[in-house]
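Labels A, B, C and D are assigned to the chains in the order they are written; within every chain, residues are numbered from 1.
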Amino acid sequence: MVPGEVHALLGENGAGKSTLIKIISGVYKPDGGEMRLDGKLVAFSNPREAQAGGIATIYQELSLYPELTVAENIFMGHAPRRQVGPVKVVNWSEMTVRAKEILASLNIHDLDVRRKVGSLSVGNRQRVEIAKALSINARILIMDEPTAALTEADVIRLFEIVRLLRQRGVAIIYISHRLGEVFELADRVTVLRDGQYVGTNEVKDVTPDHLISMMVGRTIDNLFPKLDTTVGAPVLEVRNLWNKPLCRDVSFQVRAGEIVGLAGLVGSGRSELAQTIFGFTPAQSGEIILNGQTIRVRNPGDAMKHGIAYVPEDRGTQGLIREMRIRENVSLAVLKTLTRTGFINSPAERDLAAHAIEQLGIRAYSPEQLVSKLSGGNQQKVVVSKWLASKPKVLIMDEPTRGVDVGAKAEIHRLISELASQGLAILMISSELPEVLGMSDRVLVMREGRIVAEFARKDATQENVVSAMMREASEPNGVPTPQGVLQ
Amino acid sequence: MTATASPVTRPPVQARSGGFLSRALSFLFTQEVILFLVLVVLIVLVGSANPRYVAERNFINILNGNAYIAVAAIGMSMVIISRNIDISIGSLIGVLGTLSGTIAINGYPIWASWLVPIVAGALVGAVIGFLVAYLRIPAIVVTLGLLSILKGGLITITGGAWITDLPSDYFLAQMKSPAFSFLGLNVPEIPSPILLMIILTILAAIWMRYSTTGRAIYAVGGNAEAARLSGISEKRIIMTVFIINGITAGIAAVLWATQLSIIQSTVPAGLELQIITSAVVGGVSILGGIGTTVGAMLAAILLSAINSALVFINISPYWFRAVVGVLILVTVLADRLRRQRNRASERG
Amino acid sequence: PTAAQDRWDGADDLPVNPLECPAAEGAGEASPAEMSMPEYDGGQPTDAPDLAGQPIVLVDVPKLVGIGYFAATTLGQQQAAEELGNVTVTTDAPTEANIDDQIAVIDNYITQGVNGILFAANDPVAIAPVLTRALESGIHVVGYDANSEPAAREWFVNQAEFNGIAKAMIDSMVAEIGADGSFAIVTSTFTTPNQARWIAEMQAYQGKCYPELTWLETVEAQEDNVLSFNQATTLINKYGPDLDGIFGMTSVATPAAADAVAQAGLCAVDAVAGAAGSAEDAVAVVGLATPNAMKPYVTGDFAGCVKSVVLWNPIDLGYAAVYVLRAVVDGEFAPGDTSVMAGRLGELQVVNGSEVLLGPPFIYTAENIDGFDF
Amino acid sequence: MTTIRQMDEQNPGAKFRRFLLRQEIILFIILTIAIILLTLGSDKFLTVDNLLNQGRLLTEIALVALPMTFIIVTGGIDLSVGSIMGLCAILLGYMWNPSGPFQWPLELAVIFSLVVGTLCGVINGLIIVRIGVPPLITTLATLALYRGLAEGISQARSVRNYPESFYVLGQGTFLGVPTQLWVVLIFVLITAIVLSRTVFGRSLYAIGNNELGARFSGIPVGVYKIIIYGFSGFMSGMAAWIFVSRVTTTRSDMGSGLELDAIAAVVLGGTSIFGGSGSIIGTVIGFVLIQLLKNGLALAGVTTDGTIVVIGTVLIFAILINNYIQRRVSAGK
């Protein structure tokens, strides 16, 4: 690594990228080998030493304190201090000011540094995570999939920051599954496979296909294998759905065999909408209609009974029971169908899990493996397979490929297409615009809790969608109507 | 304002979201302020029913007689904030109090009988901390075991013999301190338990808010994994927290032992529940990461004031505990509703 | 009595039998109960081995271990065992006065196979099944301090009859606060049988002899001295000058109540360096307690705070219990007998069918208290 | 990857080793060692009579420890069990009391007290689920409340002189085994099967590991929690019924301290206090071990205070050993 370099680290899910950076930043101890910083041999036995050595890390799994404020989260462990008599005490006012400065340098002005992190959306938490790493004044900044939870606009901002840091001479290790980002940002790229070093190249010397074959050992011809399907009758229809604050008078429909993409900025209310339909946060008013019949959805159980499945956006806290086995996770949503008079049918459960592992190519040595021991991408595959097992009529997927490597991504995309062609109605929420554009038959755009635009596949261009996402809310109907009183 | 608030108000930086008014309002409804208001309401109501309740002496007595619980609740709230618990604390106080008395009647200097229990408490705390932090046994398990060990061990060793004939200068808790007279204030002499309680609470509150270790306790309780990644040594923090808890237990034990001319060398029954209840009613979240020592102290005072008030307003003692249970429940529910309201307003 | 219940006096609702008032003394002492001596109503062990004159192993299960009172009864038992030479006694009991645990302790000793069990029951009825089991296993059972249902044991060594204690308590209180004073009570818990009985008898005796006494209220304080202190302090603050006396119903509550009075500066005599209030405000403390715990308030630093402490001698109580059990084993004491020899205590009378009476309660005062050490 | 998997399945030695190192097996070994030592300590210990008699004494703790396992598996705790037991005992006597205000038939009084016990548990559950108060705080408050109700209702009066037939449950035998031991056995079987084999049991583990994830999987988390707290209340009522039948009287202080004994049994049985793992078998070993220690040590001449010191030490060391071995096992994987 040289100062001012952006060095990308690539590899499939489970290739060992996160593990490598955790070794570098002192979380794990290496079994052997050596590490040099400024030519000097170093060995960090804990993260504090690494931080003192100027290495700041943004980990893949968010690591924040939900009950503490944004400012405290940013400065935990190295709060600005002030001398009072003989002792040094935490300087709260400076902390607030500096937190604001850091956020401002990231062009973030809408985040109150005294809010509790627990009340923030995933996207905002990711921003806090970045600010936290920047607060260390690092010489080496390691970012493990920082953009996985970000929307385009945030990604652009983040890139600006990265470039800024590069100019300041900070060396950056950048992990991402989005190849585009690598080509846009990185100077050099290293590929890992199964924990082994495969090779390092100058970015200008390689092509995406070349990188993919280095990572996967083969080439992938189509990342968005969209099948043409015949779109049938409406399966899911939503009318005037209200669930304040982030679901305002939403109406749309999804037809059999159709993939509807839902785009929007962070916090535009897409997840909220999905969770309302799924009954996690039941609607305050409005109708959910399934196959022509109005249904009542008061909790996820109701939704599942009617054949609605939801792949949540945060696999760690929402999608998986990480301390349980793959088998137990895959069957969790369909246990009722796997029972004989209330008892779990173990052979059927094992078959289901084995099938899931095979179908999605989950890298695990056995269905009995704990999910927490899988790499991030493989965990994501487990969530997807869990909901596929429920054989839904409507599948809502919230960021289905977050943190998934290209190979698996193509896999999941192909699966989505296949499911649609089998007549499933799919609502896909994604912050990755190419994914939305590449996979959807129709694109809906959400902003501030409302659906503000709808594009057919042929009209859905990057510019159209982005401008609908970003447009200032200036229409007269931006004022909430008293429709909330309805019901 | 967040639950990490402490008596020291934060710098008044104007917030982008939420006006000054809502901020002021949310400060008004921190757990500490609520507890204080409940206390005031209680005093006014009971005082108007029976004016002797508000007599200065009664109040001093209530505080004096229960200060040891409040002192122990300081350490306990730190333990709970770090997402641990100590259910052996009642037994520990019994053992340390007996230790203190034993030292005093065996001709050692009085200061030793006050100091040794505190040091011994710190040592026991270190042992608990070691078992929890390094051998990774959950704190509830360690202290459940320790509770039995201390309780049984105390009786095995003392045979239940009371300690009497204590030297007359031993009774720390009965001494009054002219602490404020040098400030030229016309404050009556304050009994030392109350003074200690106030000083320790303030010190702890400041330490929890302004020291990096104090902040790290919140971090470890809030998200231990994240704390580790921020370079905070979880093990060291857990050790620290239990050692402090041992120290406050030692101080509480000395206050407990020096209150009366007899030391009953047994474990005060149910004391651990009183202390834990004080901490949680004081707003310390059992899930870690939230709470203040001031709240814990206020809750300890409130609970003892309630106990005394029930006698004053002639509630049948047969129904005492039911009333106390309802009151705890009401306090906790009120706190819950407040938090839900706050969350709703944060979202809206 | 319903009126009493309104004051939450902590009394039980069994029949009472108040003694004669002091004025009528002389005629009263020959208790009429003795005339119509009821039949023996205790139980008998089944197939108890004949161990007359042989060494026996006894276990003593008091209500709890860890309080001075039962440390004293244990001491008495050891003295008796030493004198007799052929008795071994071990004391074992729960660390809290808890009937569940007490049953388990006794149960284990039945299995272990001791020759005799001495007990002080936490609950007279709940303990009966396990004691019956002991009798059925051929183990001799003798109670002291706190009785069980008669059929579940052979004899009960009664430290002093309930009405006797009640009389001594009320008389001592009246001597200090006059026949028209008002008092409150600090007891352990309302469910403790002995205390409830005493309070009931006190009530009956007061109603009969001193109707002008005002009965304020009874508070619970477990067997915890700090809690007792706090409760006594609360009473003092609540009633102010309206409170003339406090009864301590346990050996824990009485010294704590005395401490509360002393720390409030309400001792009757100004032996306490000028701290005593006027006689008007003073609060008298009368109660059941061991002498050592009360010396500071009777003759020590706070001399005069407490004038009279009512108690039998718990050492003698434990001592007598062991002698009674030995006599039963040796066949020297059987149903129908009217007295039993108990070593240095001499001959003890049988009352109420199957109870051995230790004697009248003893009242410790400044004159005699220093002669006792327990 | 496939190679590891095959190796794993084909190597019976490894499989056996894993079986040996399972939590319950280790506990069982500890129990066996304890039994051997206690047998050496007293020849009265390992006799059928003594062991059956111990079965009688452990009934109440066993009955509340079973639902406590469910609750702790979900990451909760129930401190109010002892107080519910006290309240149920009092109600049983109070409603039946032939000289009391109600004078109900005994059967009705028993059913009523069981219903109230269940209701107390359901109230705990409702406060926890609907209002979101953490279980520890909720049950700390109801610990005081339910005990207070028991004291208030009883006014310190006890009820005794039940008909002889009532004592069968607490003092009788069936097929030579104490009646209540059969009750324990039945509930052990039911709870063990429910926890390990059913959807309900699996869901409890899921809730304990990740409640949010469980909710997103469509598990009716709130309903399940209310059910288990209700069940806990019901079992406290059962314990009260059996206890009253055993000791033939009611007192408002019955069952005080029961919660810590039950929790100790569950925790000793290897159930993680943080939720997500544990088993009924473990809990059974836990309460059996505690009871046998109490009994065996007493028979060997150790007094009660010494015994509780030993039990506290065993608790810490059992968990320590288990933790150590489990960590080695998972590191070896």
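The definition used in the following text is that a residue touches a chain if its C-beta (ideal position, glycine included) is under 8 Å from a C-beta of that chain, and two chains touch if they have at least 3 such contacts.
Predicted, not measured: the structure shown is a model, and the values here were computed from it.
Q: When contacts are scored as defined above, which chain pair ends up with more C-beta pairs, B-C or B-D?
A: The comparison resolves to B-D.
Q: Centroid of subunit B to centroid of subunit C, CA atoms only: how many Å?
A: About 37 Å, centre to centre.
Q: What whole-Å value do you get for the distance between subunit B and subunit D if each is reduced to the mean of its CA atoms?
A: That gives a centre separation of 31 Å.
Q: Averaged over CA atoms, how far is the centre of subunit A from the centre of subunit C? Could you give it in whole Å?
A: 73
Q: Using mean CA coordinates as chain centres, what's the subunit A-subunit B distance in Å?
A: 43
Q: Among the residues of subunit C, which ones contact at least 2 other chains?
A: 65, 95-96, 190
Q: For subunit B, jot down the residues that touch at least 2 other chains.
A: 151-152, 154-155, 285, 316, 318, 320
Q: What are the residue numbers in subunit D that touch two or more other chains?
A: Correct list: 151, 154-156, 303-305, 308.
Q: Please list each pair of chains that are touching.
A: Chain-chain contacts present: A-B, A-D, B-C, B-D, C-D.
Q: Would you pull the subunit B residues touching subunit D in the complex into a rising list?
A: So the residues of subunit B touching subunit D come out as 87, 131, 135-138, 140-142, 144-149, 151-156, 273, 276-277, 280, 285-287, 316, 318-326, 328-329, 332-333, 336-337, 340.
Q: Name, in rising order, each residue of subunit D that touches subunit B in their complex.
A: My answer: residues 127, 131-134, 136-138, 140-149, 151-152, 154-156, 260, 263-264, 267, 272-274, 303-309, 311-316, 319-320, 323, 327.
Q: Which bits of subunit A are touching subunit D when the two form their complex?
A: 280, 299-301, 303-304, 310, 312, 317-324, 328, 332-333, 335-336, 339, 342-344, 363-366, 386
Q: Across the complex, what residues on subunit C touch subunit D?
A: So the residues of subunit C touching subunit D come out as 5, 10, 12-13, 65, 90-96, 98-101, 103-105, 107-109, 111-113, 123, 125-129, 189-191, 196.
Q: Once bound in the complex, which stretches of subunit B touch subunit A?
A: By the definition above, subunit B touches subunit A via 2-4, 10-11, 13, 15-18, 206, 209-212, 214-216, 218-219, 222-223, 225-233, 285, 289-290, 343, 346-348.
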